[in-house]
Amino acid sequence: MALTALLACPLVGMLLILALPKTAVKAIRSVALLATGAALLGSLQLLAFFQPGRTQVQFQEKLSWIPQLNIFYTVGVDGISLPMVLLTALLSFLACIASTSITERQKEYYALYLLLEVGMLGTFLALDLFLFYVFWEVVLVPMYLMIGIWGGGRREYSAFKFFVYTLAGSLAMLLAILALYLRTRSFDMVHLAAMGHTLDLGFQQLLFVAFFLGFAIKVPVFPFHTWLPDAHVDAPTPGSVLLAGVLLKMGGYGFFRIAYPIFPEGAQWFGGTMALLGMINIVYGAFVAMAQTDFKRLVAYSSVSHMGFVLLGLAGLTAEGWNGAMFQMFSHGVITGAMFLLVGVLYDRAHTRNLEEFGGLGVRVPVYAAFLIFFSLASLGLPGLSGFVAEFLALIGAYGRWTWQTTVSVLGVVVAAAYMLKVIRQVLLGPLNTRWAALPDMTGREVISLAPLLLVVLALGVYPLLLLQIQDTALQQVIAHVLGQPWQR
Amino acid sequence: MSIAYGLLAVLTLLGAVWVVTLRNLFRAALSLGLVLLGVAGLFILLEAEFLAFVQILVYVGAILTLVVFAIMLTAKLHASSASPASRQTVPAAAAALGLFLVLVSTTNALTWPDYPAAEAVSLAALGQELVKTLVLPFEVISLVFVAAMVGAIAIAANPPMKPPPS
Amino acid sequence: MPVQSLLLLSHALFCLGIYGILTRRHAIGLLLSIELILNAAALNFVLFSRAFGHVQAQAFALFIIALAACEAVVGLAIIIRLSRTAKTVFADHVDLLKG
Amino acid sequence: MSTVLWESLSAWWPELILSLGALKVILAGVWFKSPRGALTFAWLFVAAAAAALWVAPVPPSTDVFFGLIVCDPFSLVFRWLALGSVAITLLLMSASRELPLSLRGEGMGLLLAIGVGLMLMAEANHLLMAYLAMELVSLSAYLLVGFLRDARSSEAALKYLLFGALASGIMLFGMSLLFALTGQLSFPALLEAVRGLSGPMASALLVAVSLMLAGLAFKISMVPFHMWTPDAYEGAPAAVTALLSVGPKAAGLALFLRIMAALAPAWPALAPTVLGLTVLTMTLGNVVALVQTNVKRLLAYSTIGQVGYLLIGVVAHTALGHEALLLYLVAYLFMNFGAFACVVAVVNETGSESLEAFRGLSKRAPALALSLALFLLSLAGIPPLLGFFGKFLLFQSALDASQAWLAIAGAVNSAVALYYYANLIRLMYFVPSESARPVRPAAALHVALGLCAAATLLLGLFPGALLEWLSAHASLNLL
Amino acid sequence: MDHAAAPAVTLTLPQLGWIPALPLLAFTLLLFFGRRLGRFSPWVAVAALAGALGITLSLAGTVFHGHRVAVSWAWLSADAPVWSIGLSVDGLSWLMLFVVTSIGTMIALYSMGYMHGDPRLSRFFAYLSLFCASMLLLVLADHFLLLYVGWELVGLCSYLLISFWFEKPEAAAAGRKAFITTRIGDTGLLLGILLLFWTAHELHFSQLDAVRAHLSPGLLTLISVLIFLGAAGKSAQIPLHVWLPDAMEGPTPVSALIHAATMVAAGVYLVARTLPLFTPESLQIVLTIGLLTHLFAGTVALTQTDIKRILAYSTLSQLGLMMVALGLGAAPLAMFHLGTHAFFKALLFLGAGSVIHAAHAQELGQLGGLRKTMPWTAALFFIAAVSMSGLFPLSGFWSKDAILLAARHDHPWLLWVLLGGAAMTTAYIFRVYLRCFEGTAKDHHGATPHAHESPMIMVLPMAMLGLGAIGAGLAGSPWLHHPLFRLLGETHVHEGVDVPILAWSTVAAALGLGLAWVVGVQQRYLLPPALRPLGSQLYRLAANKYYVDELYDRFLIRPFLDLARGLAGFDQRVIDGAVNGAGRVGWGLGELKAWFDQAVVDQLVNGLARTVRGAGATLRWIQTGIVQQYLFVVVMAVVVLSALLRR
């Protein structure tokens, strides 16, 4: 029941908030904090009792849901989903702390926020394809409303774009799920993976592409990425954090959990395209980020670039590559989440995100400067921080199979340095722009919301085994399966 | 026999053509009466005398009268209009002709059973059928009647709330 | 002889009705054309009821006549209504609702 | 009275009660000036009909009234759907401020008559019954559409009437041809006779079928027989529009399925056409809905789009397809009526049907906005709402019947449809309104909204029981 | 993890971790409590470095006996041996450890004086500590990946320290340039690592000999060239040298420590460390690049007027020389020169820093006659200059002569080129010395006359380095029987002093000195008048650093930025609007014009939406509102359907 309880935390919180009057802002906030906090504690509890070496799914629960269609409420975690669950719970909690910048319609906000968390957690916990799809879609609506109501800029347009793009992708996935069900009469991911090799190649290719569409839009993969900059830029800070930190990972997670294990031959057939797209994502995203003047937009495009490593690592089909891709998902979630929080901190004070209007803030706001430098460095893949481990593993994992793609991707690393340092220079360095002479430094609350992320980035960078040993067994097993060895679950 | 058929057919057709082409609506309505009578005549030739009787009674007696009343009620509205009596005649003719050709070419290819293959339907049999097997349609049609009458009275009698936008 | 030629007649009535409904402008004229169509169908039913000796088909024609009456009542009521609210009885004058 | 009639009646009590109710309510409406009495009677009879339907035995022989109708499990679902539509419409009617007070009694009577017609359409087993039932529904509906005292309502009624009269006339002529070809009127006999047709007879059969298709397609608003829909829906009172967008669609599909079952040998020749029209229907409905500014008109086009999805189940032509069709109809009943209940509430308050009237609704009436959002999302097919599950089954049935392109068309259309559904949500949630006056729906609307919302959400989350019930009632054997 | 190929015995010694950990600890302390520690913060750094130096010295005995000290742990994988990383000390790394810790300590002490009064004093020492920690990590790493970690971290510290005075836009820009330029080189290293992993599945340094035996020469060449690319970036070899002169924007102690003594030498260390992977072909490349850099930087140094820049180019030149030694396959010689260079170049920088600190000027034109006011600085600078010039018997002589010897042995022509380089070295360094410390004090700006000797805290470390500049070379001299070469495992050493080389290098030094005096100080033209225009052209070329920066800007950086901007535009217009194209199809109808305007104004629609809405607007146009047209559609549909179905 551990996982159901985990899902219930935000759900109960949401119901409670709906029951509260909308003027009781304090109570609403506390309930939200409690609910996300409880979810975080719950996920840490999972971590404590998780046995990394075991190949089986752990904490599994299976209840019949729609027996006529063989649909079950199946949840469970293994090394692939646990990191994502942790990431979701952590970012949800921290972004909830950072949600004080929301000053209107709090009741609706927090209710949607918690619903969003339910959806995200559920997506990572589900082991039944139907259930997975349900949670996958549940995420859409609250995020749509979040961007649309509390966003800035062209919020309506961006929210719309986000909604329509992702829905279009998931419809392709829905059809694939149906086709798969009609062929196998099962929605059970574990079972489906076990029969993966028995599906004929043409079928696998077709369905892999359909799933790819669904996941690729979420990741997002070039050229389906155009919703991302808009949505990220116009979302409220906590929304951006979750969007970049968790929602993008749902796409990547789908590849690990569904597309690769169920369509092993299809996946291998698609590998070249995957690597190529990964490369394009990395280099293209980095170049486009380089040219941005809006801080948030720059970070958004950097996400495009960084998520490319996930694709590249996946395409590598090696233990290193997969570990790297998975590690990148976690690490990028934390780093980008932090970056968006930092952008939010700056925007709350300066009400502008135009990089060219800043300058020399390093003197004025040393604590902020320290955080910004730290996370920028993490983002550009500085060794000793988590981003490096991920990128290195992804690159090394993909190099053998996709040599030139990887080689070109390494260029992206250089460009990453260029744009991240550009941010640091334009915001922090140089002579102080007198306009910001009275800019206050970060408050304690803001520090609290960022410090855990900093620790995570550092800890994973210094001792990556913390995460690697959780995910390694599961990943190795999936790879062995994809590459043709019998499935042992 | 054939002459009677032919005569009635020509009468009916002629009436029908007038119904759809005559400029004057009142005359068109009268032409419809011609058609209805012609069809009633055909019914008689087809040994459905009761039906012919009903046709004349209901159609000519009731419907046509109503129509004429309605035309007179709304006379001032269409008298004032100087626009043509018909629209889109060419495409409509083409469509109708097309349909006609399809139908005729379809039915002409068929061979029909010898006529008449069976005994004519007697009035007694019809009456028996109506009160026994078709009791349900009877119930339903009475409901239709009531609904149509009450509804028609309701909307025709109720005055408009406000003057319509011009 | 009657089957083929009467069928032809009913086809002609039907298509004339169609033509009328497409061309007449006065709403009541449209109703008249519809009566043509209904008569065509009724004629068919009676014709083949005689051909097959089918009782229910003749009853069907009876019901058609009854329903035609109802339809006329409803149609005329609506037209009278329209003549009051929209001050017109021409089918091509009413185009508030479109798009 | 013969025993056949008694046996028949025992299965047909609900309809009989409803017919008597229709008469009684009409009388009450004519007698009392206040609609209160009529409303009470209407509820009484609807409740009695529901009770009768609940206890109605499944007759030993499916032939009722000498085979004119069948009361098989398949029709049971549609009888419930019809009764549900009537009940919810009754709620909307009693709450709507559009309808002139003096006419509500007559309106409710017509509504009950429509209910009888809808049930009969689903039960019809005979061409005469099919035609009668359709006319009963149509004639009452023409009148109801014209119930408002403005030019638009009359115009809508006229258009609906002329369109409907032509379509049913064409269908009637098709029926007469069918009879000419087969010499049969009852469906089982027709099936026998049609099986024997060949050569030019078979080809003539197809002409007759295509003429009949016009009437059926008109009833379910299938492209290109859909053109009355937006105009009639826009002009009609909102409550009537709600009824029209659900009840006749369900019953029309039932009749369509039954007639196609009777003409089964013609289906293979007809299927590609219906498939094409299905795709056309959903595409046109959804695409044109994008540019609408009147909420009723928008929902009219949305209805056309939804009918397109429903037709997927017909085209699939499998038991699964029928099951999916039934499920989606149930879903559609709740979500569409729910949406219309919200429209009624807004129209009551603002008097405007423009989409602009929904601006900032989330602040003026949070619960209302939330439930409308729920219905719209369900219509758009977002899980875990019932509409999603219905679509899920429909797409599944399409894939199952090797109609992958149909499923893909459905999916693409769902994405397109999201545009206008989400646009309404956008207006409610993102755009501030000029007026801050709260919108307070009437109690009856609260009931309707609550019922629909609960069904949409709960049945969406736990569709198991519903699915089981439906799969027990869905069958390919409709004769 | 036991790697048996180690020379003699491998001792596992967890204390090894303390060497980088001590400065890291200092960094953490300073970062969090720096403000509270205030004036005491430098001592934390100094203590940490001194501690590291102490541990290093305590290891000396073990290492000099030829043993290896190591410690390792699993890192990227719990069970794959290739991913277990560790620290290890052998002769090569011990030498680097010693250089880093000893010079680091000295410079930290010096900085106390130099940075006195800076508001971000503790931050400076924090960065300095972090740098030392990273550098030590780099040196101690026994695994490519760990080396890469250190490698990037020193780059980061370099970045942070160069732009330490970030209010100056030049400093900020210089830091970024340094980081990005070296990162380009690092990509090479990274690719080399990737390639090595995929071909040999081994990344431990101790296994490189085995790897060499496995791989084909072509592959080895490729890998080694890639690695050398990394080394060239860090050691600022052509063509990645552009960042180093700019890096002089940082505080002078930083220049001394990072950009003269230690970090820039890491490239040399890397090549020395991975020498087993280098094939003759790749060594040829190393040699060529080194030689080019040596000469190129020498000529530029002759023409510059900023003393720190001159020293920077001098560093480039000397690093080039080390690369030449590596190119000759003589890693110990390169390391030897690295060691001695560290001392004298650090001293030169500290001297320059002392001058800047005192005179607040660093242009040769504004300096002069400082010997009188700053005798200690002058003397120490002189010692360092002499040492760099390679005059017998100071440190520089021993290391440079060893390289000359090796050059003569392999390629006699190289000897003469290197001698020319040596003459240039003497010329530019004495040009600085003479114009700074000798002659008369300059009047304008009034800076120099008020100069004063630096405080003890600065002079003392300089003196210590001076000792090194004098005597460090003895460690590789035949007089003490080459303890250094034994430490580095080199057995074939030249016994005794080679007199011809000694003579030639002395001549070269004298020639350079003469040039410095005649041209650099007296400003006389030596060229015949006919050649003067050419000479001045060449001079201008050199003075403008051969326009490399300008070329890079024109042909690399600007195209790069243009590409970025272009792609961004592409992203917005093309990718985002890809679906618009289809939408345009529907726009033909005049009816849609109004709709189009509305759609453009209405921000709600974009690409796909426009297409679909366009279709919607077209289709709604069919819905005319005229009922008979609807009916016509019905009839037509029936006609078509029945005709179609009948067939």
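Brief remarks follow.
Going in written order, the chains are labelled A, B, C, D and E, and every chain counts its residues from 1.
The rule is short, and it goes like this: contacts are C-beta pairs under 8 Å (C-beta built on N, C-alpha and C of every residue); 3 or more make two chains touch, one makes a residue touch a chain.
Note that the coordinates shown come from a computational prediction; the quantities given were computed from them, not determined experimentally.
Here the chain-to-chain distance from chain A to chain B, counted in touching steps, is 2.
The set of chains touching chain A and also touching chain E is given as D. Of all chains, E has its CA centroid at the greatest distance from the CA centroid of chain D.
Comparing chain C-alpha centroids with the centroid of the full set of protein C-alpha atoms picks out A as the closest. The leading chain pair by number of C-beta pairs in contact is B-C. The chain with its Cα centroid farthest from the Cα centroid of chain A is B. Centre-to-centre separation of chain B and chain E, using mean CA positions: 100 Å. Work out the mean CA point of chain D and of chain E, and you get 76 Å between them.
A separation of 65 Å divides the Cα centre of chain A from that of chain C.
In terms of their C-alpha centroids, the spacing between chain A and chain D amounts to 43 Å.
Residues of chain C found to touch two or more other chains are 7, 14, 17-18, 21-23, 30-31, 42, 47, 51-52, 54, 56, 59, 63, 67, 70-71, 74, 77-79, 81, 84-86, 91-92, 94-99. Residue positions of chain B touching 2 or more other chains, listed in rising order: 87-88, 91-92, 95-96, 99, 102-103, 106-107, 133-134, 137, 141, 144, 148, 151-152, 155, 159-160, 164. Listed for chain A are residues 156, 160, 164, each touching two or more other chains. Pairwise chain contacts in this structure: A-D, A-E, B-C, B-D, B-E, C-D, C-E, D-E. Contacts from chain E toward chain C in the complex involve residues 620-621, 623-628, 631-632, 635. Chain E meets chain D in the complex at residues 595, 604, 609, 612-613, 615-617, 619-620, 623, 625, 627, 630-631, 633-638, 641-642, 644-647. Taken in their complex, chain C has these residues touching chain D: 7, 10, 14, 17-18, 21, 27, 30-31, 34, 37-38, 40-42, 44-45, 47-48, 51-52, 54, 56-57, 59-60, 63-64, 67, 70-71, 74-75, 77-79, 81-82, 84-86, 91, 94-99. Touching chain D in their complex are the following residues of chain A: 22, 64-69, 108, 130, 133-134, 137-138, 140-141, 144-145, 148-149, 155-156, 159-160, 163-164, 167-168, 171-172, 174-175, 178-179, 181-182. Those residues of chain D that touch chain B in the complex are listed here as 2, 5, 8, 19, 22-23, 26, 29-30, 65-66, 68-69, 100, 102-103, 106, 109-110, 113, 116, 120, 128-129, 132-133, 135-136, 139-140, 143-144, 146-147, 149-151, 157, 177, 180-181, 200-201, 203-204, 207.
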